[in-house]
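Read from first to last, the chains carry the letters A, B and C; within each, the first residue is number 1.
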Amino acid sequence: MPHTEQIWRNVDAVRREAPLVHSITNFVVMNVTANALLAAGASPIMAHAREEMAELINIVSALVLNIGTLSAPWIDSMFLAGAAARERGLPVVLDPVGAGASTLRTTTAAQLMERVRPAIVRGNGSEIMALAGAAGATRGVDSTRDAHAAADSARALSLRHRCVTVVSGPVDLITDGDEVVLVTGGHALMPRVTGMGCTSTVLVAAHAAVAASPLEGAVSGMAAMSAAGSMAAERAAGPGSFAMHFIDALYALSEADIRARVRVGRP
Amino acid sequence: MPHTEQIWRNVDAVRREAPLVHSITNFVVMNVTANALLAAGASPIMAHAREEMAELINIVSALVLNIGTLSAPWIDSMFLAGAAARERGLPVVLDPVGAGASTLRTTTAAQLMERVRPAIVRGNGSEIMALAGAAGATRGVDSTRDAHAAADSARALSLRHRCVTVVSGPVDLITDGDEVVLVTGGHALMPRVTGMGCTSTVLVAAHAAVAASPLEGAVSGMAAMSAAGSMAAERAAGPGSFAMHFIDALYALSEADIRARVRVGRP
Amino acid sequence: MPHTEQIWRNVDAVRREAPLVHSITNFVVMNVTANALLAAGASPIMAHAREEMAELINIVSALVLNIGTLSAPWIDSMFLAGAAARERGLPVVLDPVGAGASTLRTTTAAQLMERVRPAIVRGNGSEIMALAGAAGATRGVDSTRDAHAAADSARALSLRHRCVTVVSGPVDLITDGDEVVLVTGGHALMPRVTGMGCTSTVLVAAHAAVAASPLEGAVSGMAAMSAAGSMAAERAAGPGSFAMHFIDALYALSEADIRARVRVGRP
């Protein structure tokens, strides 16, 4: 189970190695996730044209597939990029935004799990339960389940697809189907800022690009997110200033901040 | 005519009921309008794929159609979502961004008025005049007319389409064709921040989802916008910090703020 | 060679004339570049539908073509808008985001140079070298070359296409193939904020709309960018607050700020 030293090693490695992270993602969060990657020391690229997928996958270190504003041509590119990334052995991270809210989202996410086989999937409780086929309604793109209630679904999903599953919430749960890790930190303002979940997904991808294993990358990415969230909340007067301070905190994040603000443990 | 108590009741109801607002909107404002909805206590969803329109309309409480970056497939989805929302009796709010600047925009907005019959349309003076068929040029997406000059167009549009029309400007004018309400507040920095008009549209939609009538929802949404704008301006050093403080202000908005900062009256 | 007085004259002219700048640009930077234009006193419009290109070009003062998130229909609209702008004699500014990273980007940028003949092209060192056909790899969308290393490519590109070439970096290089101007200013945080390069492109377009020549507009646009960047850095605690202060600085920029913070000179 990763400890502060390992989390810090990955935060530092992202800054030193500046992994190029390719996102095929939703329109709402493109700007904020690109800024989060840059603040963390990584380098973002976003593209969705079929014609350039193979070439771009050749130069990147991780791939994010985010289904928040799907349409047919973007789905095609996700499968194309996913296949190319898998062939190259790159970590692929799936963000199943709104899975459970529509057949298109649930089906696309399930097919990406089957055919792309992402190393990591990160969603809220409702999304992970929808993806695992559990009963439970997704209410739009915000979760109606807390992370603990989705623990069984997460383990089942990880075992079925041999992937790491991250259920984010007040306490984040990360599992490879066997080991279960809880990350505690962050702040209640985070769900009041759009794209915070999607931001944790891109941070997990950047960490996975430098980490020893997908599990370690998922844990350290979520821990960095939680530490920066906790730092930002201290200076914020509301969700607007929180969003700004969060980016500054990601940029400034030190080993001491991680030690002071995040707890990583077992259930 | 709504008074402070009614405005506050709607602000509070949005926070308690957290209406899910579906936007088919332009790329420029997706992030900022999602953040405004979250700060106000509502919940945003954005999607444009035909395949998921009907299902999503089934779980939302209001629909925003914003024509700021149109293309053929998005127009199709607007009509599809609009028809489904109308069938369910949901409030639909149209934002005719740039109507008058191109035939595509003017025609699409006019057809949405005819076929979707939105409960509320919110634009600047030029856009409302273009939609009403009045003479007057739209200059890009920013208004060249003030709210008062467009009052006749607004009343005509409301009578013709049995909708509430909002003309935003230094003084906002809201009419159902019969009653006319003026909302005074806000700040001169607001037109220097992109998407402030589109933000007022989504706030009006969130308020319409909880209000007793479209007129009341339009007035209270615009009043909340004006109060938050006035609060933000006091702390802002320019349009960048204004945008941040505006989101914080929406989040913190109290009944006393509304009372102190907004005047609602008749012409 | 433009001096402080000329730079200031253009900053002031943008505020007085409020040129309408049409961008066909990438999804990531739409919001931030629209806000930069508004803060500088210009007026943004963004649209990509073929159907409205000709009409919109008729009402704008400059056109930006940015290839950051290309797809086939957007490429069509870029050629359509570019041809219409050229016919009207409007300044067209090309931002070849990621040229060199994929064949689609390099080829599209090269064809836009050939067929649209932009007045100005603005990129980082890697992008300009890729466009000039020089050896050197683009690493995603961030530059791996500094401005000086790309000077030869910039001159060659300008001579071949009779355009002004801007290579942005710690020191910006601007050339029409004959004269070479260097702009020094800005801050090391700028590459840690997404869309800062794209922002300089839209500022150059706004300046080109009011300047005596494309060279003068390119220099004064880059100088305004550098001055605002230097001002923002003094107040910023990281890239999040930098982005906010940058917009405020663009809005507040005075002749004294330009004089104190930017050096314009020859190599």
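Note that contacts are C-beta pairs under 8 Å (C-beta built on N, C-alpha and C of every residue); 3 or more make two chains touch, one makes a residue touch a chain.
The structure presented is a predicted model; accordingly, all values stated were derived computationally and were not measured.
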Check every other chain and keep only those touching both chain A and chain B; list them. C
Equivalent interface positions on chain A and chain C, same or different at half: different
Measure off the straight-line distance from the CA centroid of chain A to the CA centroid of chain C, and report it in whole Å. 33
Show the residues in chain C shared as contacts by 2 or more other chains, in ascending order. 27, 31, 243-244
In the complex with chain B, residue positions of chain A that touch it: 26-29, 31-32, 68-72, 98, 101-105, 139-142, 191-195, 236-241, 243-244
Which of the residues in chain A end up touching chain C in this complex? 20, 27, 30-31, 34-35, 38-39, 43-49, 51-52, 55-56, 59-60, 73, 243-252
